[in-house]
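Taking it in order: structure first as structure tokens, then the write-up.
In order of appearance the chains are A, B, C, D, E and F, and numbering begins at 1 in each one.
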Amino acid sequence: MFLEKRPEKLIDKKGLRTDGRKPDELRPIKFEVGVLGNADGSARVQQGKTIILAAVYGPREVHPRHLALPDRAVLRCRYHMAPFSVSRRKSPAPSRREMELSKVIREALEPAIFLERYPRTSIDLFIEVLQADGGTRCASISVASLALADAGIPMRDLVAACAAGKVDGKLVVDLNDVEDKYGEADVPIAMMVGLNAVTLLQMDGMLDPKEFRTALNMAVEGCRQIYEMQKEALKEKYALIREELEK
Amino acid sequence: MFLEKRPEKLIDKKGLRTDGRKPDELRPIKFEVGVLGNADGSARVQQGKTIILAAVYGPREVHPRHLALPDRAVLRCRYHMAPFSVSRRKSPAPSRREMELSKVIREALEPAIFLERYPRTSIDLFIEVLQADGGTRCASISVASLALADAGIPMRDLVAACAAGKVDGKLVVDLNDVEDKYGEADVPIAMMVGLNAVTLLQMDGMLDPKEFRTALNMAVEGCRQIYEMQKEALKEKYALIREELEK
Amino acid sequence: MFLEKRPEKLIDKKGLRTDGRKPDELRPIKFEVGVLGNADGSARVQQGKTIILAAVYGPREVHPRHLALPDRAVLRCRYHMAPFSVSRRKSPAPSRREMELSKVIREALEPAIFLERYPRTSIDLFIEVLQADGGTRCASISVASLALADAGIPMRDLVAACAAGKVDGKLVVDLNDVEDKYGEADVPIAMMVGLNAVTLLQMDGMLDPKEFRTALNMAVEGCRQIYEMQKEALKEKYALIREELEK
Amino acid sequence: MRTLIANIKRKKLVQLISEGKRSDGRDLMEYRPIVIERGIIEKAEGSARVKLGETEVAVGVKIEVERPFEDTPDQGILTVNAELVPLASPTFEPGPPDENAIELARVVDRGIRSAEAIDLKELCIIPGEKVFTVFVDIYVLNHDGNLIDASAMCALAALLDTKMFGYEVKGGEVVIKEDERHPLPIKNHPVSITFAKLGDELVVDPSLEEEQLMDVRLTMTVEDSGKICAIQKGGSGFLTLEEIDKALSVVVDKAEEIRKLVVG
Amino acid sequence: MRTLIANIKRKKLVQLISEGKRSDGRDLMEYRPIVIERGIIEKAEGSARVKLGETEVAVGVKIEVERPFEDTPDQGILTVNAELVPLASPTFEPGPPDENAIELARVVDRGIRSAEAIDLKELCIIPGEKVFTVFVDIYVLNHDGNLIDASAMCALAALLDTKMFGYEVKGGEVVIKEDERHPLPIKNHPVSITFAKLGDELVVDPSLEEEQLMDVRLTMTVEDSGKICAIQKGGSGFLTLEEIDKALSVVVDKAEEIRKLVVG
Amino acid sequence: MRTLIANIKRKKLVQLISEGKRSDGRDLMEYRPIVIERGIIEKAEGSARVKLGETEVAVGVKIEVERPFEDTPDQGILTVNAELVPLASPTFEPGPPDENAIELARVVDRGIRSAEAIDLKELCIIPGEKVFTVFVDIYVLNHDGNLIDASAMCALAALLDTKMFGYEVKGGEVVIKEDERHPLPIKNHPVSITFAKLGDELVVDPSLEEEQLMDVRLTMTVEDSGKICAIQKGGSGFLTLEEIDKALSVVVDKAEEIRKLVVG
């Protein structure tokens, strides 16, 4: 309903951020794997106030059929925001921003998947942002990666994603909505951390090349931390399954 | 062009309605069968000021083909209002209301049709409301049923439809537009009268269970009367054909 | 950005038009053939301030396939205006006018093409108006005809198009935008000049039958002149090719 | 095969027509029977139904108060729309108007607009602020050929049937007086005549069968004083200048004949 | 073949139900476990999540200032929308709402509207000029049957969770007071009960399997005082008058049972 | 088979590039010939055409008066749109912009916006009421690779070509003075440089053939003072940190080289 106001300061006298974090501190992140009944794989993330669900269907038959590829699976990806996920109600029709994000998220995950193992099929990835408080593209990639793993899709590595940026002249990691909106720059990246391979790289705002290098390194470090949390979440899931099997 | 005003009273001192009817009295109804040149079957109804045309094409090949069913015909139904059928011009693009009505009308007719006799085909039913003065969904079902019969589609029974409702505290049958808009409740039903089978049942407004039962019975009685008129209209059509053949 | 104003006079005291032309004088016209790298055939026209590109792809496989015809090629035509081609920015979504023009342009070119030589294929013609200053449908047909020739599509004859009309009570040829908008009548035609066959004929405004006949003859004469320029443009193109081959 | 049969049919039809006859017994320059009924839709400000042989069209006119276009601040707005609803023909599909529906609407629109049939200046309420928009909705109910002429007749009949409401302007707001009604200001009566070319002959008012086999279609619209006010060639054939002249030589009389039926 | 298997399944299920049992062990008139959580989305004015067995639905409520409809100038606006997002089922496709999503939204809307659950007059700011619009967005997250009841419960829970902001009107402009909050004016609590007919029996809260094999679906919505405020029959079968009566005889108590869970 | 041939082609190209050569004879860090022409469309407020090898792009700039966004009441609006019109490539289809067209528009938009190339505050007429909207329409006329750089150059050239009209505000209305013209307030000149990764090497300004065979695409946009103002990775491959660094080490100089050509 309301337009958020720009806070007076994005970094306070103690060098802390609007939500009390240190510059290099991620928001609290909680991953859950296997949260939806019908999907072949699914996961949920809460990262600060950002809440996202990801579901994977496939490999399955492609409709319409002429989209099928003879030598590999087609990865399809829809990034979509719930109308109630943002301050002003968003129309459920896909916006241009959602279409671009669907593309870059897909291209951030494709390098990790052994698509050639499932020719003539599609792997359909659906991402629903239930609450958007900044960093949704990175959180989407991280959680989608878990949903793919949960669906048993063979991958070279998990893909972890994290942004770094500049707010009030200071480089920080994992920007929230206010920092993203009123900050000076945002550099979201995604990585197959184990392979040192950057699969998403975008930037808006302005950074000189030196700042950019520092921000990039901070984002890489953020990805490393998220990567560990992803692995932890998968372990937990498997532990639960093992428990249930042993019952 | 103009917003209609709510009449002061919907039931007058004598217990009569805005159009002079008694509570249990249907509007004047006129069915005509076989009114359009190209359709495989067609019919027209005038019920009070409500005027509706229905046309049936099929059983015919299904386009697009993947919609065909191996064991029965697909019944497709489009309920559509002419832009000039209501006080304020209506955009010709289908509204959400028209989409819901297309669905419930289809589901009211499906139980009557031996769809299993025409596998891999479609039976396409097009309903055009030329003037809407209340009760269009019921009149659509009644007239569509005649168009199906005119097309020679084998049916278990004709489907007759009629609403009952509550206006100014009084239960009445076959509501017109003003009664529907400013009344307290509307219960449209459809029946295969010969089989005592209710194939449409909806309600909006408020009724206690006892009132609802009474309204339901009034609507059933309305269906019975309409059912007789439907049969009469078919007989007339056949009589005409016979006459023409004997000429 | 701005609404153009109606000039006080469309014909001045000397009998000349707003752009200094005599009534029976065409605007300066420049055709270029083979201007785009990817298309199978292409051409560009500048006619006064009107600038149009045409490209032809095909004969090629038809998508979707069910549109293919067993006995001839399908000619498909899209007339489209760039958002910046007119005073007020035009939405890039096709307007009703663009859809009608796509149809009449297609029907003006179809009689000239030996479609029966390429059954089950499509010939796709794309026309982009980069600047619209009147007469775009005629200029589109003239330039599209060259693009078809450039693509090697066998034709009975080139199609040349030109309008005549009435402004300030005077019959004139090849109306510009202001003359079209504020004039009394516009008669665009297209012809296979060598065959004396009129393939486009439209009119709006008002003309008595005698005026109409005169206007028609003026438009025919315009077509003749344009036809010569078209042939010249093709010759130039072939001369260029010969030169290149001889290098 | 389909083409083969169509070619045989076409030859027979062209042969018949070259002898001055048509498959339904009409003369080349003869219309099918025309039935016009006005006032078929009470809820519309104006309405009509036309049967032209088996072709059937309904038109409803609605009037709304809207903002004028920027370049004509002192004029009402005319909007013509055509729906080829799928009950009218096995070849019509549900969905937004296709190129045929759009062409139909635009040709009818052009006739009305060029002839200045409606006095749009009379429909201005507050210049630059509020004007009446006249929506003419063409509804094709059965397609047996020559939709343009049937629709143009029906649109004219519906406009002639249209009743406006009186109004007054109070403090910038338009107040409608429901008990005061007057006809729409109609100044001219454009009538369209459609020819089909089959072989070397022209026929008027082509039937569906004739349309399917014709080379080309030519519509000329004529206003009260005998001026041409709209022309549209359709179809993938061509016309010679002589053929255009031939059409021109009969069209004014033919239009007058139809106009009498419509205006009554 | 597919049909053959479905028929066998259906026979077994009908047989089981005729013995008063269901495949998941429930009684015929028993709902699956219901878990309701309010306030799941901070950025929405109100929100809730409902799990009904494995069916999961989220609802978010947003409030915006808009122009009222012309025929209700002194009332706020209620808009209910449902998205069957493709992560919820292999049969849901991306794209604009299909007939199932539209029916779902409209049935939930009808219950809230008929019961006058929201006092829309309280949502008027400046009559004819500005009112609050309440957007109720139903988001189906996992489809395991009976989406209508789960959505209706979730919508009611989300409305009960909704906080409005205070406001004042200054010079025709609405100024929102962000620190002043009060609940949405909720006057009634409609609850829908959905039956599936399988053979000669009715069951409540059909699972996805039951929905796929059922003859017909019947939803009745009941408001606080025990009146029926919405009914919707769905599916291609029919109901006898006796079956309608049977549903009617249990629905008020059943609704009261569910209402307690939702209203808390 | 198609894949097999593509693989063979790819191997040959990667081999060639690993030797520092390209199939059209360019160096790895060399652009194709660039031809820039301004003022090609008189009816647009600004326009330009860029030929980058065989790739050809036109950009038209239109300016309209509109209502500002609620959260930036004192700023003009920038809208960048790209049309991949079907005459430019056999793979482009008519219809609304697909993901490639949208990405193209958004990357160009991001460079202009981040660099604050247009002084949007200068485009405010009446705060909260009326501002100028600058429409930048990218029209791809022939696609032979590297549409992003060609479009970004062309957009910048068109903006530099753009003439605004003077205006005055009279009684809340904006009156345009047609005889008073001044350039659009351009404060910065962002230039994008696009790399393609083929094997272990990066090349700039990939041709269509290189794009079809590349692993990944990387675009960096640089503003006047040498800061990076937009980055976009595209394609289904990955980059190492070393590769990103390598791009970073050449991009500022490369951008300055292109900027001289565009700004002139």
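Simple rule for what comes next: contacts are C-beta pairs under 8 Å (C-beta built on N, C-alpha and C of every residue); 3 or more make two chains touch, one makes a residue touch a chain.
Here the structure is a predicted model, which is why all the values come from computation and not from measurement.
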item	value
Separation of subunit E from subunit B in steps, with touching chains one step apart	1
Common touching chains of subunit D and subunit A	none
Euclidean distance of C-alpha centroids - subunit A vs subunit B, Å	51
Centroid spacing, where centroids are CA-atom means, of subunit D and subunit F in whole angstrom	48
Separation of mean Cα positions, subunit F and subunit A [Å, integer]	27
Gap in Å, rounded to a whole number, between the CA centres of subunit D and subunit B	31
Multi-chain contact residues (two or more partners), subunit E	none
Cyclic chain order when read starting with subunit A and heading to subunit F	A, F, C, D, B, E
Residue ranges of subunit C touching subunit D (in the complex, touch as defined)	3, 70-71, 96-97, 99-100, 102-104, 107, 110-111, 185, 187, 192, 195-209, 212-213, 216, 220
Complex contact set, residues of subunit E against subunit B	2-3, 70-71, 97, 99, 102-103, 105-106, 110, 113-115, 218, 223, 225-241, 244-245, 248, 252
Subunit A-facing residues of subunit E, complex	40-45, 47, 54, 56, 58, 60-64, 81, 83, 85-90, 94, 96, 135, 137, 139, 141-144, 165, 176, 178
Complex contact set, residues of subunit C against subunit F	1-2, 36-39, 42, 49, 51, 53-55, 57, 60, 78, 80, 82-89, 92-93, 124, 126-128, 130-133
